[in-house]
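Each chain gets a letter, A, B and C, in the order it is written, and its residues are counted from 1.
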Amino acid sequence: MSLFELDGVALVLPVPGGLRNILHNVSFRIASGEILTICGVSGTGKTSLLRVLAGLTAPTRGRVMFRGTPIDGPQDGVALVFQDYSNALLQWRTVARNVSLGIERTLYGAALNERIAESLRLVGLENSAADYPWQLSGGMQQRVQIARALALRPSVLLMDEPFAALDAMTKASLQDELLRVRAQTGASIVFITHDIEEAVYLGDRVAVLSGMPGTIASTFDVDLPRPRDQITTRELPLFLQLRHQIHDAIGRHT
Amino acid sequence: MSRQSLLPGLGGIAIFLAIWELLIAGGIFQFEYLPAPSRIAIGLIGMLRSGSAFVEIVHTLAATIIGWLIAVVVGVTAGAVLGLFQTARRYSLASIEFLRPLPAVAFIPVALLLFGFSLQTELFVIVIPCLWLVLVNTMGGVTAVSQRLQDVTRVFRMSPIDAVSKVYIPAAAPAVLVGCRLSMTLALVLAIVAEMVGNPEGLGYAVVREAQALQPEMMFGYIFITGLLGVGLNSLIIGLSALILPGVFRQPSIEWEQA
Amino acid sequence: MKRIIALFPPAVGLLPLVIGLILWQLIQSGPSPLFPTPSRWWTALVALALKGVLVPELVVTLWTYIVGLVIACVLGFVLGILIGTISFVRRWSGMLLEFLRALPPAVIIPIAVLMVGYSPSMKIAVIAITTIWPVLLNTVAGVSQIRSLTLDVARSLRMPWSVILVKVVVPAIIPAFLLGVRIAVPLGIIITLVIEMFTGLPGVGRLMILAQRNFNSAEVFGLLSLVGLLGFALNLLFTVAEEMILSRWPPRIAARR
């Protein structure tokens, strides 16, 4: 059974001046344990699509199924990581207390502390537990958000252009960290990005969202070997070929 | 105020006082009712030694703080409710915005009518405008909680109580505290005005009394004490805010008054 | 125009006010000394107007307020730029200005009365002295917030200081200046009324105290409503003017409400 199944999803949202068709006839599946990257230029509704998957926005038409049942809101086991980390974190709580946000209702005492420590270890922030988010760099704040999501031990991570606001070097190191985390936890990942190279580097599959209203124009299987490497993987002929194909796919439908 | 502006700041005050002293004591300017700072200081010391100013200070302080507390409790509650519930806001915002620019002192004749010369008059004059200020700031703070944080409460499937107590209240806290701080300043201003025009007690009345008795040194002495009280109360609130929210990064030091 | 209309909250929000007044009118059946019905407020005001008292006093309040406010804005603007640009003046005067600002404005009134006596010029001077603070301090803050990058650009273009002042500094601080004026507008009307209440100089404030002393509660409430409308109208005028002036600035700066 697929983890996520979208069937003919369309989304119409009110905007100043009327209604806008954001998404049209979006259908695809996400298998358990895979990394699906969704790539597209700005304005194609990538964020809206993620919000539909997250259960934050109900589709105007079509069905969204999680583990075989239609969803009607945010689901247990689905964690969301936003692009604007400084707005998404609770700036008045320490890093540790931010990470505990999703689990403090269900875990207590030693078990809670252990889960927090484990999540921070996964992202390499064990030493920052007592800091406040505003004291940390952008990349570190984003890792806090990822740790907060991982603390839930989710079966799927939804990520909305999480590294777009970071510089190239931080981005590269966080990409590898994400892959490492996935290898350790086995979570599925849906990763939105406008960076084609990032999409190919991270994904098992790349879906191209294009057009207005947005629709899945094409999907590409990424048969690059794992573990991936920033230098060698990006020089492989298959990488360059995929990059070319996706670039064309995006260009053709815009 | 930063360290580096402390010394020049004090220097500026010293120069100001020195010039004032020279102009008056030196006979360059002769205002019958503008005494030199030295005379005012002597009067002040006398006042403080005899403890005569004590009663007035306590009265004004008590009226200010009690009025402020009432305004804060009611204002924060009402503002939070309005901030959280859009329907409530929809059906009351226009009224609130319409009444907001009503000059606070216009309530003095009403209060005098209802309560005569008494503490109730003073409190009435203090509470209503301060309440409005706190309410508007609280409501603004709650509604301004970013869309992103609202998403976070939904994505983590937080119960309404958790969402309000763990996210909305702390997120709105800086704005609420600004409202509380500004309303403390306003409370003092209104207390003084109420004492000048309405209730003959406290520092406001003392200033008027000394003026009418043609005692300018005492009058200026009381004015100075009033100013100190204003600075003191403001610092108190800033200190309390820092205690309540140790984890919040410092806001820029510019204070925008919104009275 | 659309931007101005967008500033207004939904009109249905006036319901509590309207319902409150209607209820007061209906519940208060007999004549009450302390809580007259809204209709009697109106009749009291009309009576006052017909006596030829209301309008002249209202006019006095308005013109003394406006003159005082204008003086405060002009002086505040000029002094604000001066203090803001000359950094050593700003640092040395900082604490003094903060103390003077923390002084409740009303205490200036007895000083002014003692020194200058009862006259319209005393009133205008007090209004100006008390309302200058928000304008002055916000202008100073506005100057200090001009990004040094902007000034560097101007200097790299070899513009003389007088030109930089006019073409760069002044336009850059207009939003901060207007923020100060926005605070000064209601503050000014409060001080004007306090002066009138305290000194008995002509104006609506004096009328209110007289009404209270005569235990004419209908007049008190009527004048309260009038003052409320006045405050609302002044606020509205200022908001409209501000919107028109700031229409050329990026919305981010204008939307700091």
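Note that in this section contacts are C-beta pairs under 8 Å (C-beta built on N, C-alpha and C of every residue); 3 or more make two chains touch, one makes a residue touch a chain.
Note that the coordinates shown come from a computational prediction; the quantities given were computed from them, not determined experimentally.
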| item | value |
| --- | --- |
| Contact-richer chain pair [B-C vs A-B] | B-C |
| From chain B, the most remote chain by mean C-alpha position | A |
| Rounded Å distance, chain A centre to chain C centre (Cα mean) | 51 |
| Separation of mean Cα positions, chain C and chain B [Å, integer] | 18 |
| Where chain A and chain B are represented by their mean Cα positions, the distance between them in whole Å | 48 |
| Junction residues of chain C, two or more chains touched | none |
| Set of chain A residues in contact with two or more other chains | none |
| Contacting residues of chain B [partner chain C, same complex] | 1, 4-6, 8-13, 15-16, 31-34, 89-110, 112-114, 185, 188-189, 192-193, 196-197, 204, 207-208, 210-211, 214, 216, 219-220, 223, 226-227, 230-231, 234, 254, 256-259 |
| Touch list for chain C against partner chain B, complex | 8-17, 34, 88, 91-96, 98-100, 102-107, 109-111, 113-115, 134, 138, 141, 145, 179, 183, 186-187, 189-190, 193-194, 197-198, 205, 208-209, 211-212, 215, 217, 220-221, 223-224, 227-228, 230-232, 234-235 |
| Residues of chain B defined as touching chain A within the complex | 146, 148-149, 151-152, 154-157, 162, 166-167, 170-171, 173, 245, 247-249 |
| Complex contacts: residues of chain A adjacent to chain B | 54, 56, 73-74, 76, 78-80, 82, 84, 87-88, 90-94, 101-102, 105, 132, 134 |
